[in-house]
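Heads up, the next two complexes both have chain A, just with different partners, chain B and then chain C.
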Partner chain A sequence: MAKLLVDNKEIEAKEGISLLQACLDNGIYIPNLCHIHGTDNPSASCRLCFVEIEGEDKPIPSCTVKAKDGIIVKTDTPSVRRLQCTAFKLLMSVHRVDCGHCPANKKCELQRIAKFLKVGLKPKYLELHLKETEVDESNPFLDYYPNRCVLCGKCIAVCKDKHGRAFLTFAKRGLDAVVSSYGEKDVSNLPCGKCLACIGICPVGAITSKDSPHQTA
Partner chain B sequence: MNQENSLEAEEKVILDDIASRLKVFGRERGELIPILQMIQERHAYIVEDAIKMTAEHLGIAICETYGVATFYNQFRFHPPGKNQIKVCLGTACHVRGGDIILENFERKLEIRDGETTPDREFSIERVVCVGCCALAPVAIVNETVQGHMAPSKVEGLILGFKIEKEKAEREKQKSEPAQ
Partner chain C sequence: MSPLNNETVQKAFGVIRDEAKRRRDAFREEPVPKIQIGMATCGIASGALETKNAFEEVLAERKIEAHIRTVGCIGHCYAEPVVIMDHPESGFPPIFYHNVTPGKAKMLAKSFLEEGDPLFEHVLGAMEENDLVPQVLDFPRFNQEKRVVLEKCGRVDPEDIYEYIADGGYETLAKILQLAPNEIIEEVQKSGLRGRGGAGFPTGRKWDLARNADGQHKTVICNADEGDPGAYMDRTLLESNPHQVLEGMAICAYAVGAQKAIVYVRAEYPLAVKIVTKAIGQARELGLLGEGVLGSSFDLEIDVFQGSGAFVCGEETALIQSIEGNRGMPRHRPPYPVQQGLGGQPTVINNVKTLASIPPIIEHGATWFRAIGTEKSPGTAIFSVVGNIVHAGLVEIPMGVTLRTLIFDICGGVPNKKKFKAVQIGGPSGGCLPEDFLDTPIDFDSLIQAGAMMGSGGMVVMDEDTCMVDVSRYFLDFTQKESCGKCTFCRIGTHHLLNTLERITKGEGRDGDLEQLETLSEDIKDGSLCGLGKTAPNPVLTSLRYFRDEYEAHVKERRCPARMCRTLTAFYIDLDKCARGCDACVGSCPVEAIFTTKDRKKGVDQSLCVKCGECMVACPAEYDAVMKVSPPDLAPIIEQAVDD
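After this line comes the complex of A and B, so read on.
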């Protein structure tokens, strides 16, 4: 067991787990979107889980460091909050805020983070860049909403983990980047009907089931 | 209908060629981009079914192949048009409103950049700096540099091609009964 000090509170964590996981396990919330419990290979792509660690000169994404004995961590310094707010606003600048019609309403991670950081869901000073396609219905089991997706990649990771190969992938890039199940039209070959793990892990309701469109995590 | 049939036949020729070429390549993941480059080099664009063929050859998922192919700007998914329009969006052209010129072409031809009109007459591409920034905003239409582009010039260029095409067709019709 490692003993570490987070926000002046002493917590215990199993040696080797990520600092983010250790904090979450001990009831200390750090905003995060792309973190997958138990992974050894964090993508660190959402840029939200920053913390300051004593001895380091810059904030670090807490999913990329291990919980080590004796480290002193602050999760709520001004520079941490600034990074988190900026990352969050950028995410929201490509997000269709339409919570009333979204199945993830009230359990959406974005709503939780907005409340936690005390920022609005609509970014004030950033232009809104929405994708033209509102919903991609090409998969026989799943519907995908590009303007809800935060491109955390958890659906792709969980799919690969469950089935040995991913039936989803990132496609295109930059502002056009989407998650796609291109070419996967062979219903007999697709495990989606019985799986739907991607819907369960999606933090924002960007993937829905064709059979039960209101089901989310 | 006729046009559709000829398109299908054309795709079949392309796919047969790719199938014969694939034999040269190994089956390691690392061959994915070289294969895509080969397809693009030989046929100027990547046919939809070629993605499936490549995936099957390498034993990887179709969607993964698609993901890689769409990530790189060098790969096209539409056949080039007879008249190729390249709109520069380099720094100087961007500052002088190159995106407006691109949008004008897109609206006028009713296609997006990277696409080809259904009659294969026009295709639009965005490029980054063609080396004549003093003429910004620049478009390259069939190897001819068009400097100081303006919306009215876009209209004029396209109209010019359409008139030329009509003229060619009229002359063809005129000469046919004579044969």
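After this line comes the complex of A and C, so read on.
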């Protein structure tokens, strides 16, 4: 067990797990979207779980460092909050805020983070930029909502984990990036009907089942 | 390694070297004139193929006996197509001709080869000292360079391995096979060589880490995924002298204990791909690659991998993903590729120029290398100097030379009597430095301190007609398109930066825009996952730091000081200067925006004008009557009489 000091509180963590996991396990919340419990390869793409570690000159995403014995961590310094707020506002500047019609309403990670950071869901200074496609219905089992998606990539990771290969992938570049299926026409090749793990893991309700559009597991 | 092995290597290489020298001497001694044409991509783009055809035609037509030899790029882009003619019988030394069009080629063949008249008006200089023609080495563009990496470029035929060997090539590979790997790494460490891809990580240390990392299947990767706008150093090197890069890769592989190496080159460099592939084949045929290199126990296979042209794949973790067949997206580091790279195995990824620096270092020793350049950045730097510059092209200079020397002394300064405004170094990751920084020495640390960065070697010189806001907009447009979309800051943040810059260049800037650009840039820098995002805001930050008044003019006065941003400028015709009778401007206008009134005044209909500037070009120089102003309301309004 590693003993570390987080926000002046001593916590214990299993050697080898990420600092983010250690904090979450000990009831210290750090905003995050792309973190998957127990993974060795953090995606580190949502850029929300910043913390300051003594000895490092800049905030670091806590999912990318191990919970090492003796490290001293601060989760709520001004520079950490600044980066978190900017990242969150950026995400919201491309997000369709329509919680009333979203299956993730009230269990949405974005709502949780907004409340935690005390930031509104609609950023004031950034122009809203939404994608033209509101819903991608090309998959025989799933519907995908690009304007809800935060591109955390958890759906792709869980799909790969469950089936050995991912039936979902990132597509396109830059701001146009989306999650997409491979356009497989032969439905019998797709395990989706019985699985739907992607829907369960999505933090924002960006994927829904064609059978029960409001299911979010 | 046993002494027996040493002897085997020496003997095996000796045979190859003797054959190379025999071929070279035979070629040299042939009593016919030699025509040497630069045929890298840059030469071909300037018409070298047509020039070569013209030479072939005229030689056949007039039954002149001469050898045409194609070489790579000598680095003098402003002079392309470049031809060196060696006609010993004429009594002249080998002569360097510039801008050799097909017509000039035919003329040269006739006058020089047939009649012995070298046509002095077309001569750039002689290649060696003599009493007849001034030498090219008397010109600063030639003599202030220090060629270590580019030394053989433009001199050897890249498609003939023997030419490289006759010029001393692969000598160091034969030498290091008789050394212990750690001796080589020590030498590279002592040389102080830093990664030429831009970040400047000590190469020797990288190799040492890879050597000591656990793994049975280590790989060496040559990163030739060059993508900065305006940069073409790596392409030229691969096209002009691929064997020096391959030799460097082989030395690296031997030193770190790898048996596999990959040249990762973008598919948009078809000639480089072709030449490197051919070079690998030739090296393998001679036993310089493959199983038991030169009879030793060292095996090495080198493959070419063609990247599909995503800028982000120059980032090493994305590059590895791409080779593995995945989407080219960077991942978090550590683990670094030297610990866990391709297939989870230790992988050394070095830039083309880094690897090409290795053979000279091994040949002349670390002390020699350290004597070039500065203490913390030893060796040379290669830049492709482009933009508003007289002698554009590839330049290799010792580190520590100032920007002023490079731009004004070596490259001839800014053309058309325009004033220098800024120099952009390091591509989309670098920054724009103003005139005050011209005395900054070119080395890794000084450039970072100034707010730019060494980068891979792209250098764009800009004159007074360049709008710095527009330059930032251009680079941000590039980075946001090339962002892989993985992390929040780069994907969305760069888009907002671009959005704001676009508004400003259109005269729709708002109070607070500049402050927001600044804070968002800082956050993107601190928050992004990989180098692309971390450096993407640099063009904005440096131009805001050094050219803030230009931004303010755009936002507060709706004025573009350089008169480049179209919505903020207008054209009009100065009636005091206009000859009235001449209709050059009217004829040149593609949208019929220029009209003539009944009393023969010329006016521009601002609602139609697309601000292409054609009228300005068309107006005869003696009148010079077309004016460009910013903000646009400075243009006087000429009433167009309504037709009766």
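Methods note: the second predicted complex is superposed on the first by the 216 of 217 C-alpha atoms of A that agree within 3 Å, B and C clash if a C-alpha of one lies under 4 Å from a C-alpha of the other, contacts with A are read in each partner's own complex, and residues count from 1 in each chain.
Here, a residue touches a chain if its C-beta (ideal position, glycine included) is under 8 Å from a C-beta of that chain, and two chains touch if they have at least 3 such contacts.
From a predicted model like this one, the values you see are computed outputs, not experimental measurements.
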Exercise. Touching A:S181 in the superposition: chain B (first), chain C (second), both, neither?
Worked result: first
Exercise. Can A:A87 be said to touch chain B (first), chain C (second), both, or neither?
Worked result: second
Exercise. In the superposed arrangement, which partner chain does A:H101 touch: chain B (first), chain C (second), both, or neither?
Worked result: neither
For this session: Could you let me know whether more residues of chain A are touched by chain B or by chain C?
Result: C
For this session: Quick one: classify A:F170 as touching chain B (first), chain C (second), both or neither.
Result: both
For this session: Please indicate which partner A:C46 is in contact with in the superposed arrangement: first for chain B, second for chain C, both, or neither.
Result: second
For this session: Under the contact definition given at the top, report the residues of chain A touching chain B in one complex and chain C in the other.
Result: 169-170, 172-173
Exercise. Tell me, which parts of chain C touch chain A in their complex?
Worked result: 310, 327, 329, 331-332, 480-489, 491-496, 499, 512, 516, 519-520, 523, 526-529
Exercise. Which residues, counting only chain A, touch chain B once they are in their complex?
Worked result: 165-173, 180-184
Seminar exercise, completed: Within their complex, chain A touches chain C through residues 41-48, 50, 58-59, 61, 64, 79, 82-83, 86-87, 90-91, 93-94, 125-127, 129, 150-151, 153, 169-170, 172-177
Seminar exercise, completed: In their shared complex, chain A is touched by residues of chain B numbered 51-52, 55, 60-67, 70-71
